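Per-chain numbering from 1; labels A, B and C assigned in written order.
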Amino acid sequence: MDLVALQGLNFVYISLTLALVALGLAVVFGLLGVMNMAHGEFVMLGAYSVLVVQNAGLPFLAALPLALALCAAVGWLLEFLVIRHLYRRPFDTLLATWGLAILIREIVEASFGRDYKSIDQSLPGTVDMFGVDYPAYRIVLMALIVVFFIGLLVWYSRSNTGARIKAMVSNPALATAVGINTALLARGAFIFGVCMAGLAGVALSPLVRVEPYMGLDYLLSSFFILVVGGLGSLAGLLVGSTVIGGSDAIVSAITSKTGGYMTVLVISILFLWLRPNGIVARD
Amino acid sequence: MASSRAINVLFLIGLLLVPFVWDSFVAYQLGLFLLYGMVGQGIGLCWGRAGFLPLGQALFFGIGAYVFGATLKSADGSGIVLVAGLLAAVLAPALFAFGVGLLVFIRQIGSGPYFSLITLALTMLGFQLANSMDWLTGGFNGMTGIPALPGTDTYETLYYVIWAALVLVSGLLAYVGTAPFGQLLGATAQNEERLQYFGFNTALLKAIAFAISAAVAGLAGALFAPHQGIVTPQAVGFLLSAEIVVWTAVGGRASLIGPVLGAILIGFMASELRDSFQYWEVLIALIFVIVVIRFPGGLWSLVEGLARRAPSLGAKRARERDIGIEKSRTDGPVDLVFEDVELVLGPVRILDKLSFRIETPGVHSIIGPNGAGKTSAFNVLTGRLKPTAGRIRYNGSSVGGLSRHRIARMGIARKLQIPSVFPDLSVGRNVDIALWAGDLTHSQMFTLRPFRWTTPLLGEMQGIFPFLGEADHSAGSLSLGQRQMLDFAMTCLTQSPLLLLDEPCAALSSSETGEMIDAIEKIVALTGSTAIIIEHDMQVVERLSDHVLVLNQGALLANGAMEEIRADPAVRAVYGGGSK
Amino acid sequence: MKRRTLLRTLAGAAAFAAALTVSATSGLADDPVKVGILIPQSGPAGLFGPSSQNSAELAVAEINGDGGILGRMVEPFYADVGGPPSDAIQAALKLWKGEKVDAFIGMHDSAVRGALVNLFKGQVPYIYTPVYEGGECADGVYVLGETPSQQLEPVIPWLAENKGASKWYLIGNDYNWPRDTNTAAKAYIEASGGTVVGEEYLPFTADNFDSNLAKIKESGADAVLITLVGGASVGFNRAFGSFGLSDDVIRIGTLIEENTLAGIGAENSKNLYSSAGYFANIDTEPAKAFADAYKAKFGDDAPVLNSLGESVYDGLLLLKAIAEKAGSLDVAAMENAAEGVGYSGPRGDATLEQRHTTKDIYLAEANGVDFAVVETFGSVGAGDNCQ
């Protein structure tokens, strides 16, 4: 029974963290049509923010404002210099952001070195959950992600900005005509997206390896989630991360991790082919 | 064109001289970049011309490398085995790509990112398989000890073999690009749906282009095996795929030689800087980002820009149309039946048990207020939308659920409401596509003769629309009215028995409207076709039609001659008691 | 640009063909010995570039201060081989044919080694220095790195006896080295009276290890043999620690060096062991002297010493030892002299047998983010590599 509880907790954990990681990419891809290949690098910037804070002897939570400020600044710069010129050229944004990803990675490598960094657990140890010892930090993280997503959902459905964003996505020309500043809104959406990636980096940093090349992992898993879940809704994001995280976990448990990875690839290919809009299609 | 072809040839000849000007080590290094450049040329065909970006070309490169590497290891000098291995290294990737391409393109129109992501996932799958199946591939450590290509020295003469392969591939791609196939690919990138209404199976066209690119990648991979003496999973990897796309973009995706130039430039730069400049990757990334933003045509477009200033070699020769053909379907009675056709999209009922029958030649008009379902009726008839219920029969056979190009090939041609020509092609090429519609065989796609086709109707058309004679003008530079006329002319040139014309006079001046009405009357009379016109302008309807269908709220409201329609109280109610 | 001018002097095809066969030792006595040093400066293994380069520089300085090799000064030529084999071939060719180096030292993966062995074809001496799966036996190739049998033959019985390791779980990345290591490990586990309760291989892209940890827990393993590399090893060991598994289950890695341990972090390194021919904290005179010289030359902030980086230092020592016994850098002469050549360095005394070194193997236990050697196994052979 313990094993079932453990696998269950693992399943919830992977689904929620994947959704958190993919959120930023979903915003940028879903709202702006920009495939941000530098998405993972913003996750990395978040993780390195924690490192800076840790080296300065400050508490873990001090990394949040730093990561948000850093990602917002870098995001603003990239949007201003590169992305805004390419909104109507999807393949070119893909290529340009790929180049930007290399740039960010190399700058971090030049500043912090190529080696692995270890982020201290601010909540070490395990707690008993349903009869299994589960890492305390993970439990807290899962709860926070749930609260965060609910908050985000409420804000998006109620706020004025949410309505403007919806207007921009469904009809940019009309949105401009009724006085919505779509350029500003697009920049805001891009910055919001990369800040969410940075936030995910902060949250995951004590659990994962931290090094300049860590971003690629998060980019790939985020793409798979978007592919399966579809764009444009939070529900899709959660469904996507559940399907990807779940199928990887189940197949890995039954066969091997390689089997799980190949299953994820095959599922993604099938979705791209048969249901390119994902399970929860944009309405 | 002529000068750019001359530069291409000069460039290739220049490459042949490299071993003499520098030395064979430089040539050996260059050989690798030429192989990558060839893969890039294949990407150029798909991306620069047909408009879809394959992100996983290393998969085909790697398959070619593994297959021919294994062949070299086991051939023992046997010529037959080598030739068979080479064929397999080229054909296996081509067939695989063709299958994948067809399966994906049939379901998805346009050049969205989904196809690109599928190829990306496939190459990642390929990497994992090459890594895991160590009994076959040698795993991560690679397939080692691959001998030299018989009759060559890897560090000396193999370069000439690679050069010859590059020339072969360049020649092949240049020819394919010039042939009707290449023109149709370009048209696919500009307006895939329009091309389908001309009866072309664009999914097949794109799949063939993808297969050609895979064959080229397979050939490059086959030569990579003896060039390197080892093949590792990195040759199938995502990173190599991405790098080659980058080189293609930097060099010039739309040009023949650009991808090769990109591979050579970045290849040598990386090789020179790698050990002398710590931040070489930053530099290359910067160059790459700047080229993408500032020079979307790549560096080759700059080379060509310079060349254009040089005096052109020889004047352009206007192509003569001297092969008269007969379109395979000129006339015949038309029998179109709508039976209780329903179309429901989400909560909206767009067509509501629409039923009518058209079986007489001449011009029929569909009128009705906005949202009556006029264009939707065309959409379900031509395969753009699938009817939710009901039946549509055309000359006795069912149309429902067929794809656009199949319906077009049954003899239904459609002109869209917004003039849809192929703006980047010349007027002459636009006309070609209409003439080819339904009659161009697959093998003719790869010959140059179809450019000389003409029909008697084309002569008539040129009389009506004189601008059709200026065949070298790009269609995008025409005025809106002329584009409307070109679109109409192209629709008629298919000589389909049933012509669907959606607001042919929209956006025309009153004098142009007059010309258009004359043209429609004349052409329909000449070809004996049946035309169905959606029109808001009652004067146009009155002048052209013997028979009017009135649609309202997705159903047929009235059906008959103009006078009967005018008298119909239901119609009067809808139109508020009068016509415009 | 210097290279470019050198290349231009190569007069075309004839000179190039001749260069393939002409022996490189026909220079004057005051010609430097040119050594190509192939280390990763980019890509996944780029992490080990700086410590490798520093170790090489130190070795060159010391050898030259001591009279050089065969009385000639050593001139190092560095090249980045962190990319795929195709890049490495280009880099090695540039040094071999362009700079005319006399010998190569290589610290890179086995795919690159396969490519280089095929390229060199025994025409230039080539010393391969990192940990690898064993089995290389080509002419002119001398292997310094530890093989699986070296790392595990004495270590597994020791862990069984002293730490009670009996139920083993084998986990590694999905490629040749982990598979070959585990094949060797199984025999030693069986011989030590233990059983293998699980064996698993992960793709390089793996970044979540929950299912593996659940399986390890379920299997009741009391020891885990880790052949994950780099980032995967860091991620796995962090998760392992965070689940509190490290209290009851010991871990032993055959490629967990100082950088990886730093990434794993002190919180997650309890009961973590590593087996290798070198650790930065080996408590012997030669090792301390080396570490002090390294610190003196490169400062306190220098990239941390580790077995992979240090192996390049030993590679130069081995080259000197073989060349001086042979009296030449000619491959044929070195081939005749190689068997039985001995040298001594930071790792202790080593002897060349079947192209591989017989040497001391250290078992270290993690203590926070440092290793402490808990046992030294003297003169362990590399096993049979030339079948």
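Note that a residue touches a chain if its C-beta (ideal position, glycine included) is under 8 Å from a C-beta of that chain, and two chains touch if they have at least 3 such contacts.
What you are looking at is a predicted structure, and each value in this text was computed from that prediction instead of being measured.
Chemist: If you average all the Cα positions, which chain's own average lands nearest?
Modeler: Smallest offset from the overall C-alpha mean is found for A.
Chemist: Any idea whether A-B or A-C has more C-beta pairs in contact?
Modeler: A-C
Chemist: I'd like the Å distance between the centres of subunit B and subunit C, where a centre is the mean of that chain's Cα atoms.
Modeler: Chain centres of subunit B and subunit C, defined by C-alpha means, are spaced 52 Å apart.
Chemist: Just give me the whole-number Å value for how far the CA centre of subunit A lies from that of subunit C.
Modeler: 37
Chemist: Would you mind listing the residues of subunit B that make contact with two or more other chains?
Modeler: In subunit B, residues 124, 128, 132, 281 touch at least two other chains, as defined above.
Chemist: Where in subunit A do residues touch two or more of the other chains?
Modeler: Answer for subunit A, listing residues that touch two or more other chains: 220, 258, 261.
Chemist: Would you please write down the residue numbers of subunit C that are in contact with two or more other chains?
Modeler: Where subunit C meets two or more other chains at a single residue, that happens at 174, 203, 205.
Chemist: Which residues of subunit B touch subunit A in the complex?
Modeler: 47, 53, 103-104, 107-108, 112-118, 121-122, 124-125, 128, 132, 242, 245-246, 249, 279, 281-282, 284-286, 288-289, 292-293, 296
Chemist: For subunit A, which residues count as touching subunit C in their complex?
Modeler: Per the stated touch rule, the residues are 3, 6-7, 10, 13-14, 113-121, 124-126, 133-135, 137-138, 207-211, 213-214, 217, 220-221, 248-249, 252-253, 256-258, 260-261.
Chemist: Write out the stretch or stretches of subunit C touching subunit B in their complex.
Modeler: Answer in residue numbers: 3, 7-8, 10-13, 15-17, 20, 41-42, 78-80, 84-87, 89-91, 93-94, 97-98, 109-111, 113-115, 117-119, 174-177, 179, 203-205.
Chemist: Along subunit B, where are the residues that touch subunit C in the complex?
Modeler: That would be residues 19-20, 22-26, 28-29, 32, 124, 128, 131-132, 134, 139-142, 144-146, 153, 155-156, 224, 228-230, 232, 234-235, 237, 240, 270-272, 274-275, 281 of subunit B.
Chemist: Show which residues of subunit C lie in contact with subunit A when the two form their complex.
Modeler: 44, 46-47, 49-50, 174, 200-203, 205-208, 210-212, 214-215, 217-218, 231, 234-235, 238-239, 242-244, 259-260, 262-267, 303-304, 369
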